[in-house]
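Next up: some structures, all given as structure tokens.
In what follows, chain A forms one complex with chain B and a second complex with chain C.
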Partner chain A sequence: MDEQALLQNYLIVGALLFGIGLVGFFSRRNMIVMFLCAEMSLQGVSLSLVGWSRYHNDWGGQMLVIFILTVAACEAAIALAVVLTLFHRSGKLDIAVWQQLREDNQAAFVDRDLVELERRQQVRWPTLTPAGIEPEPDLDQDTHRTHI
Partner chain B sequence: MAFDFPVLMVLIPAFPLAGAIVTAMFGKWLKHEAHWPVVVSIVCSAVLSLMLLSHVVHESENSEMAVGWETTIELWNWSGVPDALAAPERAIGLTETGVAIAPPARLPFSVDVTLRADALTAIMLAVVTFVASLVAIYAVGYMHGDRGYWRFFSYIGLFVFSMTMLVSVSNFVLLYVFWEAVGLCSYLLVGFWYEKPAAIAAGKKAFLVNRVGDFGFALGLFLIWITYGTLNYHDSGGIAGVLGQARLSQTAAFATGGTATAICLLLLLGACGKSAQFPLHVWLPDAMEGPTPVSALIHAATMVTAGVYMITRCTPLYMASVDAQYAVAIVGAITCGLGGVIALTQTDLKRVLAYSTISQLGYMFLGLGAATFASITAGMFHLLTHAFFKALLFLSAGSVMHAMGGIIDMRRFSGLRRIMPITHWTFLFGGLALAGVIPFAGFWSKDAILGAVNAKGQEVSLYIPLYWVGMITAFLTAIYTFRGFFLTFYGPTRVPHEAGEHAHESVRWMTIPLMILAFFALTSGAYFEWTGQLHHWLGMTPSLAYSAVPRPDVHGGEGDLIVKTISTAFALAGVGIAAYLYLGDNSAAALLARIFYPLYWLSYGKFFFDQIYNVLFVWPMWLLAQLSSVIDNYLIDGIVNLVGKVPPWVASRLRSLQAGMVQFYALAMVWGVVVLIITLLVWPALARSME
Partner chain C sequence: MNEMVAVLGLATAILALGLWFLLPRGAAAGRAIGALLAAVALGILASRIPGVGHLPAEIVFYILAGVTLLSALATIAFRKPVYSAIWFGLSLLGTGGLMLFGGAQFLGVATVVVYAGAILVTFLFVLMLAQPEGQAPYDQLSWAPRLAALTGALLVGTLTLVVVSVFENPDVALRPEAPFNAAELDENILSDEHMAHLGAELFSKHLLAVEVAGTLLLAALVGTVAIVAQIRQPEHGGSSHG
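Showing the complex of A and B:
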């Protein structure tokens, strides 16, 4: 495989990673998933850096990637701590809960689909006759469970 | 010179100023003792003024100067503009020894802060500081317990400083400065009780009416400057002063014709404002809203006589214009009669005295307008006696007001002679002096004016009707004075409920100054008439020693005796009529008021000057102000506000972007990057391919 084709493959995979990350970041509201998506885009960029570095035969790019990995690790620690704090505050991982940064007179974003989802869950489906001991419902899990 | 004039001349104004500053700085801590600095310093000033007077008289009698005697002390030079004016025709240069030569081609504009002492200044200083010390002592009792006690005394100190400077300075610009300073003190003291809307309005009115006069005064000063090339009274810096020795010892050194008349009329306008002469007299009655000691000191004895002082000082200028003399005399006579007629029907005791002050100042102007040595000195003589007896009357009225719980309407009280015996007697003395009953002070000074005007009338027939106006006013004066006296002190004893159950004679702080003033109201006229000292002293003032001042011998002539007889008869008749009308029931007075209803209506309405001025000046100004306000509020503010509304409008459009959604911010960031890429990479590439 010649160098050009190799670079092309690297760049395609990097762009794909970046694009998937971006789309995921835009479309998902779970903070952890959003964070993962952001990391994915970051790694897409890193991959293209590695590709270019090899193509130009310049190790500076790969060295930079090492730095990026380190920084990403630190960033992950902080970001997860932030996510955890936010989760403790609201009991939800939904990013849409945190919309106080909007202008005062802007209407709040209300999640209509969420309401329908909750209603759908209350529909009783036919169940099998219980066999054996019914498991104790995990209260902790219920309170902390997100719908996202 | 064995005697140190400069020290005295500086100390006399410096004492009250120091007292005012000390009171202003420490008044809050001095509390009820806040009067001491001011009272002590004014009394010191009074003592020094009397010393100064005796020394000035001594020096004047041994004068070796060409015209009268004066001494000046230059403190510093306030402003100096070299070569400010091409020397006008009337400018006179001086050699080192004071010989008149041609002036330099261009004259400097300089305001020499110079104090002067001559007989006129010394007499004014003595009167001002003497009356001021008595009034300040009286105020200790009168103002006791007032919230603004220290503020009051601080203002009084400032006023005495300004007034002593006004009569001491030797420069027209500084005269103007202190002319305004006494006006400021008057404003502050009229509006002393600033929570009272009437007091604020009165202070504002006094200030605004005075602006009209001061406008004329300022124009007069400009005209003096371009006519004579200097604004100093005295000779200094190689240039002859307006009223200096060099100019006064020459004949024909003063401007004549239209220029002289214009200067004199403009100065007269200034004097009319300050001295409450027709048509600018409207502020003085309203100024009675101030505390009574202020009415006595500022609006009767001292500040309102500043106009008389100024015209006396400028006598040589007036000698150059016969028309201006007529104007002064006519203004004086009109004011004199007008004040007398209005005072007849007022129900407020202080208002009666205010109109009487206006009327008496009219006498002084009449005397000045007659423009003979005898009449001018008679005007000054009346100024002196009037300072005593009018201060006495006001302070007595204040004593009544104090006892009546702030009520001064004569319809509300009567028969107070049993409650306030001392005030009754002092008011009687003041009233007799004001009415001109022999041998009280007012008799001598008023007759001196009338006699001099009568004598002038033998030469210029214009003065004969003016003389009769003065004479009839003397009759009215006696009536309104004793109307007030009888209504207040005689009849059944009635006390308004505001006075409470314990209406009593005033404290000794108040009654002792009253008694001292009563003594002077009795004796000062006769003393100066018999000794002739005042005329003698004034004759040694450079302005009055000027040879152009006519000195016909009227003293002791047959005409003089006739004048005295008529005026005594009028005064006694006036007192008698007042006694007939107002002792016992007032039905005769009420009948008279009904018979002469139009006259009564005019007098009671004060000839409706306030209403006329309202229609002629206040309302048009008010309309103009409203128009300006509308333009300002709607047109100018509208444009400014419109400009101000653009950024909020743009922001309100953009505001919806700030929705608080994290994803949207991320999207915006990406769009930003896309725009950057397009502008930096795609667009240049496209542009290159197009070429």
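Showing the complex of A and C:
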């Protein structure tokens, strides 16, 4: 096989994977999808390293990828813990909830698009006009639980 | 050279447009157009780089690279995070295949086992816990999709230009030492005893780094437990809940 062409192919696929991951990390708002995109960038770098390792007939590149895998595993564990903590605090995976962590000189982000989207997607079901006597609320039924 | 710049510029512009169409933008549709544009840009890029010089190998490479890159695009395009995660898994399988193809057998398998087997499944668990309804309104929007798509496409275009122009320049010597032949490659990277060579290299030259990596894993484990243990503390200390 043409080793130089092979290296070139690996570098370009790696660059594309890194770029796609970067775009996803910049633009997606879900914390978990952002994390997956960061991992995708790491994969792009790993591919380039494997290409170089083959080209130079040397194990150094593959060693680096092994350590990238190790660090990615650590990062995944910590990211999971942080995402879970943030989710417990806000009930959302949206990164925009944490915008008070921004720098002091940055203006607050007003989420107009989200309000607009929610307004547009709100479904209005037809309702009947209330009529007749309002029934007594049954406390036993309201507080009954089949299981705890 | 100028022709190359023009072609790569065109591919970059098409890629930026395709990425912009692919990213979630509220109710605006157009993912099919985006996928088509991105595929066209990838095709233009693929047509400008030389083949690996062996037809079956080339077909296998292009299939693997296509699966990897298209599922990576699907990862950032799908609005439901669960679908994103599953497409990311397919992208990982493609990456693992590319690593196998490049002579990194252990890494190909390790990528699939560690990423797809452990990391991805754990994050799918979190998604199921946190967002059982699937799609939230904020998943249908993206931050500055135009700027993000442009940045990513420009980065890819510049990197590709550098790679292609370096390889086309005969004066640049990428490998100072004498080029090895196929037999040497078979004895080292592509040897039948891949794991034996890899292990010998890892546990001799890089022994200290292995120890450090082990310590890092331990520290990450302790840190994770410490972070997660804090979640419940306010409820224990608080008096609002009887």
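List of remarks:
Convention: the second predicted complex is superposed on the first by the 117 of 148 C-alpha atoms of A that agree within 3 Å, B and C clash if a C-alpha of one lies under 4 Å from a C-alpha of the other, contacts with A are read in each partner's own complex, and residues count from 1 in each chain.
Heads up, the rule we're going with is that a residue touches a chain if its C-beta (ideal position, glycine included) is under 8 Å from a C-beta of that chain, and two chains touch if they have at least 3 such contacts.
Predicted model only: the values in this text are computed from it and were never measured.
Taken together through their common chain A, the two structures put chain B and chain C side by side without a clash. Judged by the touch definition given at the top, the superposed model places A:10 against chain C, while chain B stays out of reach. In the superposition on chain A, contact of A:73 is made with chain C only, not with chain B. When both complexes are overlaid on chain A, the residue A:65 reaches chain C alone and has no touch with chain B. Legend: residue contacts after superposition of the two complexes on their common chain; A:96 is shown touching both chain B and chain C.
Of the two partner chains, both chain B and chain C are touched by A:26.
Taking chain B and chain C in turn and counting the residues of chain A each one touches, the greater count comes from C.
Closest contact between chain B and chain C, by C-alpha atoms in the overlaid model: 8 Å. Touching of chain A by both chain B and chain C, each in its own complex, is seen for residues 22, 26-27, 29, 96. Residue ranges on chain A touching chain B, taken from their complex, read 22, 25-27, 29, 34, 95-96, 98-103, 105-106, 108-109. Partner chain A is touched in their complex by these residues of chain C: 19, 23-24, 26-27, 42, 45, 49-54, 57, 61, 65, 68-69, 72-73, 75-76, 81, 84-85, 88, 91-92, 95, 98-99, 102-104, 106-107, 110-111, 114-115, 118-120, 122-123, 126-127, 130-131, 136-145, 147-149, 151-153, 155-156, 159-160, 163-164, 167, 174-175, 180, 184-185, 188-189, 197-198, 201-202, 205-206, 209, 213, 216-217, 219-221, 223-224, 227-228, 230-231. Only residues 655-656, 658-663, 666-667, 670 of chain B touch chain A when the two sit together in their complex. Residues of chain A touching chain C in their complex: 1-6, 8-13, 15-24, 26-30, 32-33, 35-37, 39-40, 43, 46-47, 50-51, 53-59, 62-63, 65-67, 69-78, 80-85, 87-88, 92-94, 96, 113-114, 116-118, 120-121.
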